[in-house]
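There are two complexes below, and they share chain A, which is joined by chain B in the first and by chain C in the second.
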Partner chain A sequence: MTVRARNFRPYVGAPTSALARLLVLPRYAYREVFKAKLVTGLFTASFIVPVGALLVVWLKHNLAALARTPLANGLSFPIDERFFGFLLLTQSYFAFALTLFVCPSIVSPDLVNGALPLYLSRPINRWQYVAGKLLVLVLLLSAITWLPLLVVFLLEASLSPGSWGFTNISIAGSIVAASLLLVVLLSLVAMAISAWVRNPSIARALLFAGAVIPAAIGRILGRLLETELGRLLDLGAAWGRVLEGFFGIAVRSGGLPLTGAWLALLSASALALLALHRKLRAFEVVR
Partner chain B sequence: MSAFLELSGLSVRLGKRDVLRDLRGTLSGRSIGLLGPNGAGKTTLLHTLLGFFPPSAGSARLAGFDVVRQSRDVRRAVGYMPENDAFIAGISGVRYVAQFAELSGLPPAQALERAHEALFSVGLGEVRYRTLETYSLGMKQLVKLAQAIAHGPRVLFLDEPTNGLDPPGRQRMLRFIQEIRDSGEIRIILSSHLLRDVEECCDEVLILKDGRVAALCNLEAERKANRRLIELETAGGNGSFTDALAGLGCSVAPGIRRRVKVLLPEGVGPRDLYRLASEQGVQLRHLTYQRDSLEEIFLRAMEG
Partner chain C sequence: MSREKRWKQLGAVAFLELRRLFFGRDGLTAFFFAVLPLVLMTLVVTIRRQPIPGGRVEHDFAILFQNLILQVTLYLGCVYVFGSLIRGEQIAKTLHFLFLSPVRREVIVLGKYLAGLVLTGAAFGGFSVLSYFVLLYGQGTGSLTAALGAGGVGHAAAYFGVCLLACAGYGAVFLVLGQWVKNPIVPAIAIWGWEHINFVLPEVLKRLGLIHYLLSLSPVTVDEGFIAVIGEPVPVWLAIPAPLVLAVGLVALAAWKVRHMEVDYGVE
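Let's turn to the complex of A and B:
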């Protein structure tokens, strides 16, 4: 039988599950994402701090080993919520940098070349497409935020005497909650910008500008109107304030009210969802 | 044959414009052509069947599925080749086809195997590892076809499949569509503004004009009916040939220059005409089947 004749056979096997179809998008996207050496390098570099943290935790519990290092006096700080707060803050910069490079290259190529109708002519809907593409970033950013930090937490819990892990279980909750907030916010905003402008380079520039310009405008407004509410435009500051709330660390959030910070982050996510709803259609209707 | 596409007052409004208006009809052909001038609503009809646009009124059923309520089943059954460019930059032909096959519900190994087969089928086997940006326009049309057939759909939507192809490429594409049709495994809905494409590939045609059904015709039945209508040109004889034809039960319409149009009754074939001509001492210099071409049907529909 020739290849050609075989090709018209209908597929008679059982179709894969909805979840399996959803995971097709991240699976294919990762192959493309990690083709870029910059992304691979950045992703690898994102583990330097968590690995360092693991080492610190291990050293603190191995006094004999610690005594042989020049850090003997430098590691006197406690492993507490502030320690994990600063770790997450550091990881959030890596998360932003990764988003900057990864996100535009996972959505824009579908939109700019008209591939979206092909996706949506399959048994997946628009929101499954969005979820599939979001998963690309969510899994990637999770791998550098809450997952390694939880490993650090578990190491500390296993090496600490008594029930340190149970006593400080709220830290683990804060790590997961704050990380997921960051991951979802970054993913949604980046995807919305990428869907809106379609050009990966412009999307990157806009995403970067989006982190800098509103902050500047917020500060100018703050100076002019003598209020800190202008800083609500600064999503970075809002995220910092939420992080303060979770871990009790001092981030330069400019005295934003915690509720206002949450509102700013949730509003940004809602706006991003609205933008995706408007832009991710099989075909745009010209009214 | 059971109804394959049923349109029951289907209307679609996009923005402030009624793009499809009260489409009604039942089609059951193996290969259905959507014909009409640009802007007639052919592509909108395909997109509505795929669930991209919600009907503003009425309903439609495709392969037994309601296109609104069972949209997922429809999309599982369909392979769609869009009119415009639809590719993903940076990935190879085989990964492009395999990805869409997986999204249609095939396991990864099956999807990859079928992607290779589909690309060989359409003649892109040698270039399947090249990235899509390096493909020519004709190759992009073919790779779109490959992704539409790779997952073994029951229905194939082809939107202007010969767009941008040179004549040999167009012939190859049409031949390929005919092969798919003749395989009997896949039903085809082909949208085109090119009469020849539809005529060569389809056995039933829905002609659209300004978003309405202008005509619905069964080309297969027309072709069969046309096989009974023959045009003859004769020479010689004593003029009694037309009477003899009438004696065979034929309806005869004389034309100019000894040409006659003959409508053959059941049981009478061209062989009988040759025999009769021989008996009458008449030379048959020209014998053709009358083709009431799709062009005539289309023009009548447009005038209507």
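Let's turn to the complex of A and C:
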């Protein structure tokens, strides 16, 4: 065949679905993520509390197992929405730590090494790229937040007499809703910071600073200006207030209005999306 | 080589590093962290219409100093500046230029540490004192003069001194970490966690945290809540030398480490 006859023709085979293309990103990302021992260790450690909770629920309904222990009369605390609220609160710390170590290493290298144009030259657009990377974190964080908590809920529902599960179905809804809010917020904010600063170490430092500085500023503004609105800067406190709303537990959210807390979390997510929209482009202007 | 020559070399390295920090990203970040409390205090004084009740001003500034300056901004500023003194040069692939110069490596490390200390000490100490003055000034005309006359100068000097000691101590820790680990942010978070929970630790463990010595020197004590384990503040004769001894020990360790260091940019 002559060189002149080698002209490009469009692909005529069956195209892969958008979802299949999207799932390529997490598949390779997980391989990279779990190469780090720290991430593997942290991910494993994240299951300690849910496993402990499963044990507690089981012991609560198996008094015989406690017969020869100081807790022979049974566990005094109820398995209710507050129990699940505190479980989710604990898991949210693990989720933050995991995001801190995972997210910068899956986003920043693509931008530093100029890999984004290569991704976007494939049949994948910017938002599919964002969704693919987001999926890495969403699946990882879901595995340590709402999934194990739902297992605990199901165990309690199966061991409790009567229709405990149906009566308390709102708890399961709260677990899923609150967890998804946390997962999406953490993922978007971490991705935006990673895309913005491009250096994984600095992104981690910024994420950490972003968690502790607004908290301290919020507390001080609250004291000096005698208002709790300063705490709206503190996304941790806002998340705590939302948890209070869902589960009725007392988190140190300092009397933030619930609507304000929701607004703060949604605004942070929207800002993160905007930052991603500006930073993730197939071209780069080098000055 | 004469001692005088060594001093000259030390001064040259420190000056060179100071210039690099001052005009570089690391110095700017440290200034951003240092200026944050001043911005906050200016904002508070501007927004707040009524003066803060007399007795509360000192206490409120002590809360700001303990919760924001010592435990957050100064700490992060030190991570940034001291963590990148050696590590930053390694990433930028410029460390060999320093090592090829006819200066002992220990002098290079000490010079860099001193430059970091001068920058962070002046920035965090200076802006902390300025924040204190702004808060006092916001209480009405003449309140600043009155407060300074009533022991305010001593308090300002104490805040400056505590900042300097904190920079010396934390700086030495992150100088060493910057040499030993590739990513100092992970141990930095672990140390921050340890310092952060210091108030709930028993007396013996409290003494393993630098923050305990620094807070013992703060002019105003802050109530740390009902879960705090109350411990005796460390006496001044111990609280001042302890961070300095730690700093000297760690800088000596950094100097020993740099003596055996091989520059290998290939593994970066």
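Quick note on the criterion: the second predicted complex is superposed on the first by the 263 of 287 C-alpha atoms of A that agree within 3 Å, B and C clash if a C-alpha of one lies under 4 Å from a C-alpha of the other, contacts with A are read in each partner's own complex, and residues count from 1 in each chain.
Everything that follows uses one rule, which is that a residue touches a chain if its C-beta (ideal position, glycine included) is under 8 Å from a C-beta of that chain, and two chains touch if they have at least 3 such contacts.
What you see is a predicted model; the values in this text were computed from it and never measured.
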{"item": "Chain B versus chain C as contact partner of A:Leu221, first or second or both or neither", "value": "second"}
{"item": "Per-residue touch tally on chain A - higher for chain B or for chain C", "value": "B"}
{"item": "Partner chain(s) touched by A:Ser201 [first = chain B, second = chain C, both, neither]", "value": "second"}
{"item": "Chain B versus chain C as contact partner of A:Lys37, first or second or both or neither", "value": "neither"}
{"item": "Of all residues in chain A, those that touch chain B in their complex", "value": "3-13, 15-16, 21, 24-25, 28, 31-32, 35, 109-110, 112-115, 117-125, 281-283, 285-287"}
{"item": "Contacting residues of chain C [partner chain A, same complex]", "value": "36, 40, 44, 47-48, 52, 60, 63-64, 67-68, 71-73, 76, 79-80, 183-186, 188-189, 192"}
{"item": "Chain A - residues contacting chain C, complex", "value": "38, 100-101, 201, 204-205, 208-209, 212-213, 216-217, 219-221, 223-225"}
{"item": "Touch list for chain B against partner chain A, complex", "value": "14-16, 47, 50, 52-53, 72-73, 75-76, 78, 80, 82, 84-91, 95, 99-100, 102-107, 110, 114, 117-118, 120-121, 147, 149-154, 157, 179-180, 183, 185-186"}
